[in-house]
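Letters are used for the chains, namely A, B, C and D, taken in the order the chains are written, and counting of residues starts over at 1 for each.
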Amino acid sequence: MNTAVIVFPGSNCDQDVMHAVAGSLGTKVRAVWHKETTLPEDTDFVILPGGFSFGDYLRCGAMAARSPIMKAVAEHGRRGGLLLGICNGFQILTESRLLPGALLPNRTLNFVCRPCFLRVESVSTPFSSLFSKGQVVQFPIAHGDGLYTLPEEELKALEDRGGVVFRYSDSDGLTGDDANPNGSANNIAGIVNERGNILGLMPHPERASEALTGGEDGRVFWQSILESFTKGGR
Amino acid sequence: MEYTQAGLRETEYEEIRRVLGREPNECELRIMGVMWSEHCSYKSTKNLLKLFPNNGDRVVLGPGENAGIIDLGDGLGAAFKAESHNHPSAVAPYQGAATGVGGIIRDILALGARPVASMDGLFFGEPSSSRTQSLASGIVHGVGGYGNAVGVPTVGGKTAYDPSYNENPLLNAFCIGLIPLDEIVSSRTARPGQAVVLLGSKTGRDGIAGAAFASVELSEDNKASRPSIQIGDPFGEKLLIEACLEMNEKKLIVSMQDMGAAGIISSSSEVAAKSGVGMILHFDKIPLRAENMEPWEIALSESQERMLLIVDRSYLHEVMEVAEKWELDCAEFGETVEGDEYTILFHGERAASLPATLIGDRCPLIPWPSRRPADLEKKWEFDVDDIPLPEDWNETLLSLLADPSLASKKRIYEQYDSMVQLNTVIGPGHPVSMLRIKGRDSLIAMTLDADPWKCSLDPFRGGAETVARTVRDLAVAGARAAGLTDCLNFPSPEVPEQYWVLEECVKGMAEACGAFDCPVVSGNVSLYNESPDGAILPTPVVGTVGIIPSIDAALSAGTWEEGDVLFLVGPCNPSLAGSRYLLSQGKLAGRPLPFYPEAEKDFVERALKTASAKAAHSGRALSGGGLAAALAKESMESGIGASISLSIPTRKDILLFGEGCARALYAVPMSRVPLFKVLWNGYPCIQLGRVGGERLSVEGAFSLTVSELLSKWRNG
Amino acid sequence: MTYRVSIFIELQEGVLDIQGKAVERSLAGMGHDALRSVKVGKYIQVWVETGSAEDARKEAERMCDDLLVNSVIEQFRIEVEGE
Amino acid sequence: MTYRVSIFIELQEGVLDIQGKAVERSLAGMGHDALRSVKVGKYIQVWVETGSAEDARKEAERMCDDLLVNSVIEQFRIEVEGE
């Protein structure tokens, strides 16, 4: 599985993601500058990393979504290729309309960085197949604009089709308001598109990929992707 | 223009005339006014700073450079420095703090190092005042807004509150970077015939002469020409970091200097003077953002996110290419020449022509008179017998934990990205923060601390205690202190009593640094921190960096386990002088304990062995709030209680709340107790009790559940 | 000619205006009793060189569609100076 | 009566508009060649209950001084609906 990590000016988790993927899977990872117009030919998996692309000025992810490389990224997604947006990457995916909804400022209006519990809601995606349904995992969050919002009917449709993959919870898997770090609708932390190949999530799996720094729950996330890829050959 | 309008003193003006052999023109006068301001010239403190030890086996680069560098072994170095941005943060809290963080990051970058972590020291006024709240909120948002976006984790810091900071809050920013020793960029290596290049943002009118204006009385007629606020652009800085590191990796640059105070003039004249070359600068070639800028404005602009590069001409093209990739402006605007002549050309005219060595180095020092405050002894007269024992111990402990200076800082540090770059092993919320170095076993440990109250009661002892606290924290965590950086935040040196306090603080710090063999490798001085309402407390802030050979030799805090045996190591007669306990009752009195070098060194060696021998589960050096606060923090963070009995004749409040001397609280697993006792044999060491249960109980004093403690500590 | 075009962007009805609510609370806390509610949006000015005011408006509208406005959550209004 | 007051906040002349610059570059990159420059500011609407439009303006001005505008770097303009 060949992974391409897109680097926008202002991305700051690009190196971290490359380190985590390479360290967890040992597969090939390449950085691709946002000004490119094509992805390396053999790209199987594309990651939009976290950070503050274009300073997060105007709206988070807005300018990155209009970067030259994004046409090729969208095309990769449309063909069914695996596409993951983490944090700022999630914002770029919604700004590109590759995922529904939008991410608004946290309800506290403060940036928040801390370890966070997530309940795995769906294991029928390539990104979560090795978890068990209802499992509680810990990935850190670090964002200022993570409140996921969607008009009522669309939210219902998203829920009905099982598009929510991760939900903020407490250590027991309870998804009360106390466990919601940013005010996200229905405690949503991560969603997948209908076809199941594009995932956006606010928490950072790459920050939970080593015992020394943040724990190892993220390794299962990366391994799920590799296994799905190997099986499905997407 | 009068020299006084430029902020120069008569002796300084005379010196300039003498050296030039003529009258300086207006541009030159303005330049010299800023360059010889306290902020840039250190004219009040240069002699004091010489007292600090700054050599040692590990020191690669000491004070006088953009930052100090210590040797981490195997060819890698850690560059670090702290800097204050107090005045700007008082005027425009968000932007002041943001540009403070940005500035210190560029200092590290200027050495060619990749910035890997930051810490921040925050000193605010009364927490209940609305001014404090809005300043604090702006400053914290500014630190986070910049640090988070630029991708440098903020891994720790210090926050304290005192009414003396009401009008004059302090923002000190610390940054550390990593650099292979053979890639260090020096400001001393420019040679004649090389290109002078400006990389980064366009130059505007922001922050012009900020340093000089601070020393001129503000009046209506200069209001219109007051410097406009510098706006921080973390996005621009991120690009600058990547571009500079790429250029350094490709060995395209000879020398590099960040632009901080006094912008172009300061950075370029410094390189010229240190390298022993002259410079001819063509100001027409500088990309400008504002119209009709005068040459002195261009010279002194403090527009952010800019770097000065000295480039061998054969690499100019490649430098431009890298700049273009990162979408940064980049302009060659001058060249280095033989000699000492520093010349600015503008619109075909010679705007300024000065000896490079005059600009930065030769400001006449000011020997301010020093006088021991007459009321010093009066502050020390303090009779412990006048302090009644607490009537309700539970209440006393809870209100101490709710004291804003001691209470949890989670609400602040959770607003900072403390994890980006994937090196943070221990982040904020612990006495010491730890970073791993990818591909190596060793860890970097760091901590930032200050004790303005003890410094105000006895500046020598307080200064020594400040340094000692950081070194003890590191030792307990398993790190030997390798070097430190400091920010000396003080009021005006022109008041003899205030100068004496500064002097004594420095002497005290120097004594401790010497004893611990922990050299000062970089630092910063911020004077004139006072307002018509009064002066700030003397506030030396110390950031100390240590090395832990491997994760196995690291000892964490807040990790008690059921059944652990608790030990207090260190003397049982601490002091209530300047303690958090007395302060939280509104009393600033007493004489802090002296610094005992032998005992301190002994403590450090034993603490290091305790960590590397894994003789304890958890350890915490005692600091603010004394033993009681340490017990409570350990218990809260571990989520488990303990039962303790104190069979010592010392008054219980002194034993529990007293501060000072080298002491620590350890939790030792049963099986390691014999080893632990051997390691501390010959040093005061008493068994306090056992870990377990839901309550933290001290016989004859308090007994509270962990959740009662937590609720006060977190929510006040 | 260079036209200055002002673009006023606000959140759509029904989208949670967290900033507006926060500002409302602080102002109320400061004693602004006459205040009923607050909405926080963006005020973007663009200078464009076009043949007519009408073209300037069209150009600005395209910019809104392309980047300035996220139609999932926002709505906007345009004013062209001299139109 | 309830008045809607619009407040337009922009950075003062000479203060670096980092957002405006970034947006400008991004729009130019997307081919908006007519664009000369961009300024990004805030558009705040407040609804206040006062006896007159004039009072509404005064009330809004006070809000600007108290909280909405940072006079060190920003300047503002007010419009009262129906004034």
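The criterion applied here is as follows: contacts are C-beta pairs under 8 Å (C-beta built on N, C-alpha and C of every residue); 3 or more make two chains touch, one makes a residue touch a chain.
The structure displayed is predicted, hence computed values, not measured ones.
The interface holding more C-beta pairs in contact, when A-B is weighed against A-D, is A-B. Taking each chain's centre as the average of its CA atoms, chain A and chain D sit 35 Å apart.
With centres set at the average Cα position, the gap from chain C to chain D is 9 Å. Here the CA centre of chain A is 30 Å from the CA centre of chain C. Residue positions 54-55, 57-58, 63, 66 of chain A each touch two or more of the other chains. Under the contact definition stated at the top, the residues of chain C that touch 2 or more other chains are 66-68.
Residue positions 233, 235-236, 327 of chain B each touch two or more of the other chains.
The complete set of chain-chain contacts reads A-B, A-C, A-D, B-D, C-D.
Remark: chain A residues 54-55, 57-58, 63, 66, 68 touch chain D in the complex. Those residues of chain A that touch chain B in the shared complex are 9-10, 12-13, 15-16, 19-20, 33, 51-52, 54-57, 110-114, 140, 142, 144, 204, 206-207, 210, 212-214. Contacts from chain C toward chain A in the complex involve residues 14-16, 18-19, 22, 66-68, 70, 72-73.
Chain B makes touch with chain D in their complex at residues 91-92, 95, 201, 204-206, 228-231, 233, 235-236, 289-290, 303-304, 327.
Residue ranges on chain B touching chain A, taken from their complex, read 141, 144-145, 148-151, 233-236, 238-239, 325-327, 414-425, 436, 438, 551.
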